[in-house]
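Okay, so chain A shows up in both of these, paired with chain B first and chain C after.
After this line comes the complex of A and B, so read on.
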């Protein structure tokens, strides 16, 4: 274990709202945590629970799901599907003895660059507080 | 005489932008004269007029589309000087000065800001526009600029030139569209509300603009002292200003309600009061916001007059009059919802091109036309012709296309053919990584050569290279050549912002002969350079990101872009005013139209029109009947319809015969009907009639001594929770006519929804019509006392009357609409009209959908006129011409790509077991189970590429192009390795 612990976080961002918001945050030169790595999906409804679980099995410390605000989904109802999956996934994490706080869902629209910067920074801090994922040191077969 | 084909647009209001977009799509070159110094300089005002605090980004897309289309030539700091010639052949002289920072080639590297020596407060003499978020607009504070030229030297793309000279240009165009902006009310106009005298009194547009980047949060209403106020007043100012000072566009009341609700959302404990004269929310869904505001605990005060004055530094004193009594209230924060003033350039325009002003100082429009001015070939759109809301401005933009086509020659713009793409399936996988140095500016911040060397060592990478850039035309070409030369067939571009410059990056890849599906863009600037300070960490992270992108592209597959022919034939359902207008406009431009009408006669609601309107309609009917391109079926209905945008096929039933038809576009012009009241003794006593019956009886003779009108009969109630829009104006006009014959007229009303440039309300007040307001649920009663007719007001007062006139609303033909909705899969709204946007936006249309190339929720099916929502005569014509314009753009195309040709969900036949879960989850009805094969199939023209079906598939048989599960998992593996 390194003395200097920097968490690893993956964010699944929907193409139309959150990823565009992240773009805007970049253009506006807002501060975002360096530990975040982004994966673009077309819709938050495309975030397969498999992706999230796979990430946790790989030993990730935190996963962020982001989509359009409820009712404003570019694809009409994809973010509702994501929200349902999120609740189930949190339960699964509990079953694995992982803190459910390691997974979070946020609604960030394309114009909400400041919100994007805020939630990512807060989440990174939160994960730092929770500490490294225990899975990282275990071997799954 | 050979006609010119280009069109000149002067001004940048929303209507103008819409017109430019439509004309480009139709194939005409557009010359856009922007009076400001950057794209949104002046239009920003219109954008912020709506208090939509969230996502406005899509509203900015058109400009990027213009650039991508390449058919709009835009001039900045422009001024129209001279117009000569005639319709079809104008010669226009104008003055222009290029932008100091050409934001077409600016890479937004911020180098200019870094080198600028002049510090002004918390910014430099060159700074980024604080309100425009989507792209960085660099502004120069000329007062503090010393013109040292350092920024010019450091600019990597030579986008910045401090000295630009003014020039005069001359162009030949076929038509001119005046799209000038309105004027905001001045401090003087808003003096009754003490605007500008206290930081607690602000315009709503300011709040909306300030919260563009943050959304509406507590800080948006923070006072200079840092205090968050708890006591708010929202005032709709045009209601209390004299007519002529400022004009009310139709969204102001709903803006107030919206602001109230939003305030309650962020500050639930706060006290919010909206002050207005009447709640004039007559657009689609506007009345629902009234209810919503009340439910949220917002107080709505309908007052006669209001004045605001600062009490102390942070408090505002409001004095208002209600029911003849004076009241006083102290609030901490006052939000002014202001109207629009007539454009001050109107006078200049009259001199330059001869257009005439109307009595209110707006541009005059010919009767029964949407944008034609008094001069042939010169059109006016948007706020230049009267106070406008955004949907109307957008409709006008496209309607102008319909109206101007007759003056335009052959199309003179063809989008350049896409570069031919090479088939890489036969080749061995070769991945190339191209690292952008942003014209050298990244070099100082991180060691790109080091990165390049490390990347070259990745086993899957066959080529790595540092490029100059790929966002300016020369650099795009250069990079494309480099990609070609390197011989790679999969590309990873490490760049800045992949969404903002997506089209440019894709173009780079396509120019290299590769399908964009074979490329991946990663955010080197936003995720690495701007985030990390340590060079080692920078290298580490960029390497991880590149590895992830390489892992993804390794598994990407190229797919052809799907194309389908477009049937140049339109079907119009319903032959009322809107249907007839639409059919005739489309047919006039040489396309075949099938017009079907349920009843025997054409003309729909003809009996409700006045004399001039009837004449217009009769002319229209004979025009339609004589037109060779229109096939009219009376007593006919739609029997079946299937297919998709561009290729609908089905049958109509006419005289018990089934006639098959293939169409490309469907227009729903099914109309609506008048509400027939059951209350107020209507139908029992002959002296109780509707406004329309009164209108038909008006012949200059006195009808009765005492006439009482009751408004909102069958509107704004639980059954019909919307305002029917036309009744108040109709009632006022009828009241004026009755007054002329010497009758006494009393109008009992809830909200006087008089709108438009014509102020019938004031005229009626002046002529002595009595107005009495009643509460929302306290309707008066009509009773028969022996033989006399009495109206009993809610306070018990009885009025003896000779005639009761009921202002009955418009109600949709719900059964008919529902049948069609089921047949076509087109959504309906809660009120029984056809919907136009499935999202829950507070306004009628979201800009997002309106600018979509295929437009509206279900592609190529358009509701118009009364089928969409209650409309007046002219407004029905407006929507019909708008839709005709949209249809004309599409009908002229021979082939159309699938709406989302790049990313489409597909099915692996061998893995699919036909469970049908994906069919249920698809929001676009793009999926179905093939009965013979018993597997799921996707219709590529209906699929919108969300991928919901992919994540529910239990067998992993479904996949979304470029977002396949194995791609995402490889990305994850690489990211977490």
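After this line comes the complex of A and C, so read on.
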């Protein structure tokens, strides 16, 4: 069973930078991990901490939050809010020892296709190392 | 800190009630909000009192918190601010929650004067109801000795038991027998004392020293209690074991003063799915709990309001399954509030941590992966 394990990763990508960056990576034929499922949001500030928690409790192995670089948000300050929410989440996961390393935040702009390919590949490798989510098979959630 | 000294006549409750009556007479206030024992005798309710005679037998220092004071205040000001001066006497945690509600634009505080006191803690609601008469005595003794062994678990570890952002604070710590301190925290509080002709310039070193001492003691209690709690909630298995007895009554959310949403996200259509959805989920795992949002409810609620959690413990009182929910929230609140450098109810001017930001902050949390990223970049060059 373990040999067949491929992680399932959810990425929340902001429409203006990261999603366009991912698009560029695709157009440039860069290799990105097939384990990543992308959910487009209009801004990283739209990522309710609940979305992330829901993903984790559904048995997702890793979550990536991506947005424009600080100071370059299409909506001026959405990514600053996202950063604070990310830290809130990290602390909640940390408090319960729920493997906060399964969650990360990256700033990827529309032109950074190589960065996008690199961070996603790396994160996928990292998650593969950590192994499958322990809550994936819990039935009393 | 400077304040005034007020001699105690007979007992503390009577002194405060007389003080309020005098405030009525002096036209400092036109109404007062404080708890009074309900006719059946086993609980307390907040009353908005306009008639002085009803003050007789009121309990400014109740042994339990059945309804959080912030809820009382927000119910009063839901449709606009009050036009007449009203004094509200509440536990420090209730005042802190009121300030959070003000920041969340759920209440207005115009013309409201808040009076807090050094809080010895309160008894668990369910314990109290078993034998109110006996527990009244237990509480009275604990109140005099500052002994928190019978108090609620969150009260035992509360470090914010004194002088929040209230207008007037009653200092009971470090006083000689037979007197209390009245400490003004704002210009309104000062005016109040002036109207009484009290000298508000008495140095309060003993009080400050005692408060610091008790704070340290509670700080230590907190450390021990949190270490103990960690063994119960760390790791998914332990956390589930602690929370899976939840019956999803959502009482904790309904009584929480800072959970102000008219409709909770977890009661909304976003958490209702067609039957096929459940069946496909159960197919994957072999089985699925119904209703199936126990852990996500607690963690999700936490992610929405933890930065404003004042650790008042009302949620734990309301839990029919005895889940130590307030202690769990206190543990996480400590961590999150520390990293965001925010204390709920500390200062009314301070913006909520989720609506404000600094351009350069908290970058250390983005580090682990960005560092590895930089390494990869270099090797590629």
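Keep in mind that, in the parts below, the second predicted complex is superposed on the first by the 134 of 141 C-alpha atoms of A that agree within 3 Å, B and C clash if a C-alpha of one lies under 4 Å from a C-alpha of the other, contacts with A are read in each partner's own complex, and residues count from 1 in each chain.
Following the convention adopted for this analysis, a residue touches a chain if its C-beta (ideal position, glycine included) is under 8 Å from a C-beta of that chain, and two chains touch if they have at least 3 such contacts.
The shown structure was predicted, so the numbers you read here are calculated from the model rather than taken from an experiment.
Contacts of A:10 after superposition on the shared chain: chain B is touched, whereas chain C is not.
In the superposition on chain A, contact is made by A:20 with chain B only, not with chain C. In the superposition on chain A, contact is made by A:83 with chain C only, not with chain B.
After overlaying the two complexes on the shared chain, residue contacts for A:32 are found with chain B alone; chain C is out of touch. In the superposition on chain A, A:110 makes contact with chain B only, not with chain C.
By the touch criterion defined above, A:75 lies against chain B but remains apart from chain C after alignment on the C-alpha atoms of chain A. Judged by the touch definition given at the top, the superposed model places A:50 against both chain B and chain C.
Shared contact residues of chain A with chain B and chain C: 48-50, 54, 59, 71, 77, 81, 85, 115.
If you check the complex, the residues on chain A that touch chain B are 8, 10, 15, 17, 19-20, 22-29, 31-34, 36-39, 41-43, 45-51, 54-55, 58-60, 69, 71-72, 74-78, 81, 85, 109-115. By the touch criterion stated above, chain C contacts chain A in their complex at residues 233-237, 239-240, 244, 265, 285-289, 292, 294-296, 299-300, 302-304, 306-307, 331-332, 335-336, 339-340, 353-355, 357-359, 361-362, 365-366, 368-370, 372-373, 376-377.
Here chain A touches chain C in the complex through residues 48-50, 53-54, 57, 59, 70-71, 77, 80-81, 83-92, 94-98, 101, 104-107, 115, 118-119, 122-123, 126, 134-141, going by the rule given at the top. On the side of chain B, the complex with chain A involves touching residues 54-58, 108, 110, 133-136, 212-215, 496-500, 523, 525-527, 530-532, 537, 541, 544-545, 548, 838-840, 903, 921, 923, 944-948, 950-952, 960, 963, 965, 968-969, 971-973, 975-976.
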